[in-house]
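Shared between the two complexes below is subunit A, which pairs with subunit B and subunit C, respectively.
The block that comes next holds the complex of A and B.
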């Protein structure tokens, strides 16, 4: 699968990046392609382009605050989880995607 | 008759101590000495300390001494010398009150556990004390209501004189064997009070002429002076009532010993003494070995009891009567002299919390003591003067405590703000003199009024301007308000007799402005000479370099100025044309801009050529990371907020001035602030680093057993490591974050973090508890390691955030977590984290 994802947490110091890392790591292990945009204290990094989004099968939002520029994902199936869930139990999240 | 006119010099007014010094100065002479307060018309025999005190003399009151008698000439000479030299210093050993701590509105969750009761109060003396409550009953002078009737006056007089003799003897022995100088001075003041002729005569008269009993006479006389003192203008004098009543209680005990309730108790086990009033003599009488803290009624910071508590390092808090009444005898208490709280029945969790606080205070005292006396010197022996910026006299004590070698910037605006009229010469004199005296010969640089349209003063009538930062401000309005500035200069010249004062002119951009100041200074001196008011003849005048024009004009300005100090905050904003308050321009406002460094380089080179010393008093000087560039530029003096001093001294001690100059040379040729930052980062990264993590921020084998304790311990580590100014504030930010959801990762790790203004530089601290901790309620795996992240509220240094993001990502990898959990010592943890931070 081709996945795009956005992570964002209230302070944007730690959880945003931990969740991003966790999603990337787990996707790789499961043989998926993934690109994760972080919306944290450093602003938007690794920003998803229109091409990235068009080519994706679905989007994951691991966020505890509103995702910025959400309209980009209007045509995509979005799976939304709390940041914590992406960090603590990424395997469960990915098995949900398969359904 | 000889008359000497003077303005009363002490800020706390004429209280018992200066009064007893004045009395001693008159004693050798037979001439009669009268003291007159010309403001309120009160008069006193100088040989009566109480009458002197009762004259209600406040700072700067116009006073007169009248001396008449055979040896009046000799007495006049001696008293003039006394008024000039000794009287102004009579307050010197008076420890300045710790700033009244504002009560923390927020308390960590551990304060809400179980049966804990928190009584909010006012901090009198810092420190933490924990023990059982011992409630002392107070001796009430009103209890001296003894029947008059057919008392034999002669017998009563004798009784009273015996009592006085005994108390005097005891005070004398207490003064001789006092535990420290403060205690000795207070005993001497009491001694003067009891042998005071005014006090004694009043009592004798009441007994002999009005047929009162000794007890009644004592009670009425005490009440008389209490009323006078309570009406006094000076808070300090009002708080002397405690001393008077203390003395009266001791006399009362001597007169009627067994019938009075005895407040004195000897302590035989650790305890916290709780008392609505605790006279100084009783505090001294307590066994300090067992005294862990004081909880007192409504008393002030300058009461002798509070002063003594601070001088002995006994934590003390005052409570309102209602709260005081809630304390149960023998109940367990904690006195928190930092937050200003008393805690009843703290319970095991809070006790452990406070044990951590005590541990921090111990470590902190050790750190400060080690650095205080140490001069700032690079590894190759270059000495740099480290000074403190202050906004008022209240900050003096903190400056010296943190090891300042001078006051590099005394902002005088606070004296002028938020009032309807400008402070007069005497009010300013009091403030500047206090600074001069407290400096004990160290330099104090007083900046003349720096104010503009953005801070309107009703009495100045400065125009509202569209762009006050570039407008009619500071030295630019001096020409139109010459009287105001001459008044300030007169006060500075007068105060300069008491120490090493210098003047600094703000916002200079043209040489005429310095010449104007010089003229006003000469005129101020002439006025004082004419009025025959003693003042310093010579005083150095320096220039605050805040405009780019001044920075590039140091050689010419050097003809009119003795020294220069760069105000880097304003200079940077004027030079880059960047408003430092603008959120959108944040990144542009960087002192690392190579063009700015070139400007400073020019200024420094010109100062050297003109043989004038150059300091810097902006925020740039307080940032340990910038120090290599500052040293490379060759500044002679760095002035900063006092709490930043220890970290700066420590960083300087690890720098080589040659290497710093080489670094600066490279920086001057960089193309951008980012390049300089990278260069500087690499330089700072060599050897031991102040970056993100350090050995002292890692504690394995931690005693913490809960999230409460672990978070506190980590905040404390960051405070001890100089990363955070006040651990309590970070603790609050971390807990507020923790409330949205617990930061336990479920992987044996917790990652509490917070963003707060109190954080100086983005940092990480690491802690491994001896036993795993249950973090939030039903956590899947107990927490074996805690990593705390602290970020400044206005995090600009993206580098830190990037490193911390990298570290957070690495935590998702088991091998990294395993390394941190298995590490045998802090060194291994440090190496692992450093490797992670260095990886791309």
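The block that comes next holds the complex of A and C.
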């Protein structure tokens, strides 16, 4: 599967990036393609392009706060979870996607 | 229902997330200015040092943006970009009325809800571009401003005046009850109007030569941030890393008597955190009152220790209050888990 993801936590200095790392690692293990955008205290990093989003099968939002520029994902199926879910148990999250 | 609560929590946290750097900026600059200035009868004395006064003013400016930014980004979290204008306007009005941080929460949620409703209105395609730049900012700000000025401002102001009138009567009555009430008010909205009502009453009593109410307040002021910070230290596994980071900032603000340090915790879980910090501040205020603590400066926290009478009782009161908050907060966490 081709996946795009956005991570965002309230402070935006640690959890945002930990969640991104976990998503990338787990996706690679399971043989998915993934690109993760982080919306942290420094602003948006590794920004998803229109091409990335168009080519994706679905989007994951691992966010405890509102995701910025949400309208970009209007045509995509979005799975929304808390940041903790992506950090603590990314495998369970991905098995839910398969359903 | 649970899904709904998760959403509301997400909205509130969005606002908090953007407001945190403002708290840090204002809190640290004000603290440095207060710590370096000599403590006089009227509080920190800046007459000798224009530079410290300027630090104080820069910090105060950052603090005055706190409530508008909080409200603006709560509305942003709910309704995206169109939420910003009515949110900021509502927050600024909350500041102006003196409705403080609770007023900002309400204004932000209200602004977000109004914009969400307006966005649902179907408009002809040629009218669409006008909506976000003209119609929504004006109409939503009008609605939010009207509600804040007409319906929320007046009750809050009345609450304030009736509260201070009640306090004046009670000042001659039972001292323990007075201390408990002051402590509860100080913690209730963490620097908001109820907190300020208790604070100004006590500061006015200093001028009357009665230092006991301010002594009780001074102990109560630092208990919410110290207690919540201590909770994250004592029960590290119970708190997320971001909460532990907020805990350090909270401890630092508690040391210099800035109750606002507990706001990140209270904004995320108001129904749990506010009763806990209120009981801790009440305990601290009552111990300070019974221990004969008097505070000669209108400021609180360990930083005013040099101008306090009966220092041992003061330290004891703060320690007991902060410990009570930390243990209670952790017990609730353990019992109910982190999610609302």
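Going forward, the second predicted complex is superposed on the first by the 99 of 99 C-alpha atoms of A that agree within 3 Å, B and C clash if a C-alpha of one lies under 4 Å from a C-alpha of the other, contacts with A are read in each partner's own complex, and residues count from 1 in each chain.
We take it that contacts are C-beta pairs under 8 Å (C-beta built on N, C-alpha and C of every residue); 3 or more make two chains touch, one makes a residue touch a chain.
Here the structure is a predicted model, which is why all the values come from computation and not from measurement.
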Superpose on subunit A as described above, then tell me if subunit B and subunit C fit or clash. clash
Touch test for A:88: subunit B only (first), subunit C only (second), both, or neither? first
So, A:63: does it touch subunit B (first), subunit C (second), both, or neither? second
For subunit A, which side has the bigger count of touched residues, subunit B or subunit C? B
After lining up the shared chain so the two structures overlap, which partner does A:13 touch, if you call subunit B first and subunit C second: first, second, both or neither? both
Partner chain in contact with A:71 - subunit B first, subunit C second, else both or neither: second
Which one of 58-66, 76-84, 112-120 or 418-426 is the stretch of subunit B that crashes into subunit C? 112-120
Subunit B and subunit C footprints on subunit A, overlapping residues: 10-11, 13-15, 41, 64, 82, 84
Would you mind writing out the residues of subunit A in touch with subunit C in their complex? 9-15, 41, 63-66, 70-71, 82, 84
Applying the document's contact rule, which stretches of subunit A touch subunit B when the two form their complex? 10-11, 13-18, 20-22, 25, 38, 40-42, 64, 82, 84, 87-89
Complex interface listing, subunit C residues touching subunit A: 6, 9-11, 13-14, 16-17, 20-21, 76-78, 80, 240-242, 245-246, 264, 268
Enumerate the contact residues on subunit B facing subunit A in the complex. 737, 740-741, 743, 745-747, 751, 753-755, 780, 789, 791, 795, 798, 801-802, 804-806, 808-813
